[in-house]
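For clarity, chains are labelled A, B, C and D in written order, and residue numbers in each chain start from 1.
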Amino acid sequence: MKVYHNDKWINEAQAGISINNPGFTSAQTVYETVRTYGGKLFKFQRHYERLQNSAQAMEMKTDKTCDSLVEIIEKGIILNELKEAYVRIYLTKNPDLIIQIKELPQINPQIHTKGVSTDISQIRRHAYMHNGTAIKTTAAFDVFLARIKKPLNLYDMIMLNDQGYVGEGTFSNIFIVKDGILITPAMETGILSGITREVIIELAKKHRIECQERMVGEKELFEADELFLTHTSVGIAPISKIGEIDYPVGKKTLELIEALDAFTGNI
Amino acid sequence: MKVYHNDKWINEAQAGISINNPGFTSAQTVYETVRTYGGKLFKFQRHYERLQNSAQAMEMKTDKTCDSLVEIIEKGIILNELKEAYVRIYLTKNPDLIIQIKELPQINPQIHTKGVSTDISQIRRHAYMHNGTAIKTTAAFDVFLARIKKPLNLYDMIMLNDQGYVGEGTFSNIFIVKDGILITPAMETGILSGITREVIIELAKKHRIECQERMVGEKELFEADELFLTHTSVGIAPISKIGEIDYPVGKKTLELIEALDAFTGNI
Amino acid sequence: MKVYHNDKWINEAQAGISINNPGFTSAQTVYETVRTYGGKLFKFQRHYERLQNSAQAMEMKTDKTCDSLVEIIEKGIILNELKEAYVRIYLTKNPDLIIQIKELPQINPQIHTKGVSTDISQIRRHAYMHNGTAIKTTAAFDVFLARIKKPLNLYDMIMLNDQGYVGEGTFSNIFIVKDGILITPAMETGILSGITREVIIELAKKHRIECQERMVGEKELFEADELFLTHTSVGIAPISKIGEIDYPVGKKTLELIEALDAFTGNI
Amino acid sequence: MKVYHNDKWINEAQAGISINNPGFTSAQTVYETVRTYGGKLFKFQRHYERLQNSAQAMEMKTDKTCDSLVEIIEKGIILNELKEAYVRIYLTKNPDLIIQIKELPQINPQIHTKGVSTDISQIRRHAYMHNGTAIKTTAAFDVFLARIKKPLNLYDMIMLNDQGYVGEGTFSNIFIVKDGILITPAMETGILSGITREVIIELAKKHRIECQERMVGEKELFEADELFLTHTSVGIAPISKIGEIDYPVGKKTLELIEALDAFTGNI
């Protein structure tokens, strides 16, 4: 597997950064996770904008354009002989630009039909925001601590913000279906503007499903008709369990899974 | 310069960590900064305890004992032919143990006589605590962001906690002298238990200077008679300026500098 | 109905305070609600201590002793020809001391067997604490606003604190039963130390039911086996509903109702 | 002195409210403080709107129009034979409407030339907001507690909000002059939209003085060139002292005092 590192392609086993790189010594590293559908990068422009936004917040920058990053990744897909790619882009303060391009892990199809188990993390989300979205950095201590403390049998942990409002998963956004309405925490909660989240909100509009972005109380999770997570690699993951409470995989969730499939099948 | 990395001594230029190391991908790295006085490690036992505490909070561990770390560092001092050493110990999740041992940078003697300029950071300190002290991790985003945004002509930035109480510098603790009494933010403020801070509190006791550890309002900085920072490499750095306000280098500060000199000269 | 007001007994219709009394102009009024069991005041000493604590926090005081207040109330019970009394003691800054002594309202026995409906208030509890307990003042704006906004068909609203942890009802404390263990929000949550709450904790000890006082996440309400409120006039009110979620009136709750009955029957 | 109470004029000594009035039992009372200049009510329409806003937040209302309140007050000025009036309007839940109309207390002219002494309160401001402004209620426990704890020799206490940003005085708003710019805490800080504050912001515009409404750090108080309070009865009160720090009564402050004098002299 070849990794892109500062204009070179090197073997993954050799890929590393200096112990003097601020990307290591003080986690001055921003990143993005992207995937392809049918071999084509999905919503890359938005990922690029978000990477630039995170970088700017930390007074970092890359001189690479969006197009040149696409070119690099497409080259990596060929180099690594991939069918469907899972891509991680790291930008450090030094500045180092590292791009890992791997085969997208097989997604268990039961995720979409049976749903996933979650719980509410004891760790609160305290996001650092820039232009209305959380900075996506390796220094998101709260997120990674919540992930460290996640029981092995759970898919993801739902994090509340400092005031106890529903925030986001450690690698996902969360949606509630209640009385036919879609509800998701507003950006003001202090969360990441997930690209899949953005797509779902657009698709809901198209399908004339009302979607509310607002502060969400924890209680609403327990009164929900349906619940699902969204994230890049899997798209929509219905929630079948929060802690000890069970949820069905519901109609609206399945409708949106189908809508997303149609959307990603046609890019 | 030789660097210790997982039982090997390698050249600094070669020292690095894998891009798959959680110490890089999600900043699961804890660290300590230690120095010698007269070639002898200062308060190493306390640094070791703090490293273990940080590691435990993140469900990491090292099988190295305190003594074996001392041995490694003493070997590094000889290998690198150092007189006075400045040491950085990194422990990552992988787990990787990296120890950098360099010559202690020359300390400008004017720091102790003329003091240093500081300001109050706009970034608030939101520490993650474990057993009553902040976890010392490279993922302290608030600390490093405050450092990124520090004007070049300033020595350190003073951070307030989420409620606006005085916390700590980005690499130092802060003390106030008011009416002959020493005042420093309590651990409950959400700060790191600096080793030099601990030593100063002990020395104050010996010198019969009353020392209050409590919540400190920002106003107290501006009504202070004297102010100083404490940190490992310099010991005590008197504050001569916060923003636009000037402070004298005062008697109690000089008394404590002398007391610390005596203490570190006799270890 | 006679009301005690500054050493006089007056008709309730005539009882009022001056519009210049700080107890009106700036709500500098503290109060207690007490009841009798079998005609005898219940835990009056604790109510008196709490009144004094609230008064002290607001730099108010009464020169009445606990015994003299008991004497006044006992006289009022006779004057008003009551069987079981419900007493409100107001102390204002002026200082005015007002004591209302009425017949205890009939308690619907179904409360104990069928339970009561509640919901979670949108208004957060932001208590002002003194010596570890909330000050019981008419100026508890959050509490009264939550009560104003309570739907008519509900018994009480459960308030979360500023961080979203479970606090207390607007006139009650809350207990959870989970796996045979009793759980109730710790005082550090920022709540009132309800006298019935204190009695229940003591009774649990006697009955060898483990009782945890700690921070309680909202989720724990929804994972509870049983839930109940405690307050002066009713003692224990089992919760049968929070929002849309139903709860059974459980065994431990009934055991504690019985224990409280026995306790109050023997004072 | 006659007091208006629910359509009657009664002697102040007789004016009171029932001990069963929610305006007493749970401080469900909103209020406004108004004054005249040259015998004419100042900005009454705005005071009326604010009263209605506070009332609405607490699900109270009055059926009195703005004009009918003006009529009542003007009648009270004649009844009480006043030259310059100081008016307090209370509206309780019952609903009771009480209006006190007294002679405006003599204002010490030295306030405007020598300034007033203040300090920063230990009590934090936790305002309940409605439509972007604090609800003006007798149940503002934080405000009245700060006033209770105010040393006698001080004019007012400056309150910080929950996050430690500069909020407002216990009966005033605060302005900073720095490098010729006027700065005042934004409404988002959680403060009352003082009528005099609103007038000063308008006057600044007319006088082409830049005025910033934004979050204000405590440090800015100590780096200020000039500082002043604004409130209904006195207009502008220059600050000459915060805690131990002295401030001059500055040029911009005097310019605005003059501008306000001209404005109030011509209503």
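Throughout what follows, a residue touches a chain if its C-beta (ideal position, glycine included) is under 8 Å from a C-beta of that chain, and two chains touch if they have at least 3 such contacts.
Just so you know, these numbers come straight off a predicted model, no measurement behind them.
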Identify, among B-D, A-C or C-D, the interface equivalent of A-B, where equivalent means over half of the contact pairs coincide by residue number. C-D
Please decide if copies chain C and chain D contact each other with the same set of residue positions, more than half shared, or with different positions, and reply same or different. same
Inter-chain centre distance, chain A versus chain C - centres from mean C-alpha coordinates, in Å: 47
Inter-centroid spacing, chain D versus chain C (mean Cα positions, whole Å): 35
By residue number and range, which residues of chain D touch two or more other chains? 162
Answer with line, ring, star, complete or other to describe the graph linking chains that touch. ring
Can you name every chain pair that touches? A-B, A-C, B-D, C-D
Using the touch rule from the top, collect the residues of chain A that touch chain C in their complex. 120, 122, 124, 160, 162-165, 217-219, 221-223, 242-245
For the complex, which residues does chain A have touching chain B? 3, 5, 12, 15-21, 23-29, 57-59, 90, 98, 100, 126, 128, 135, 137-142, 144-145, 147-149, 162
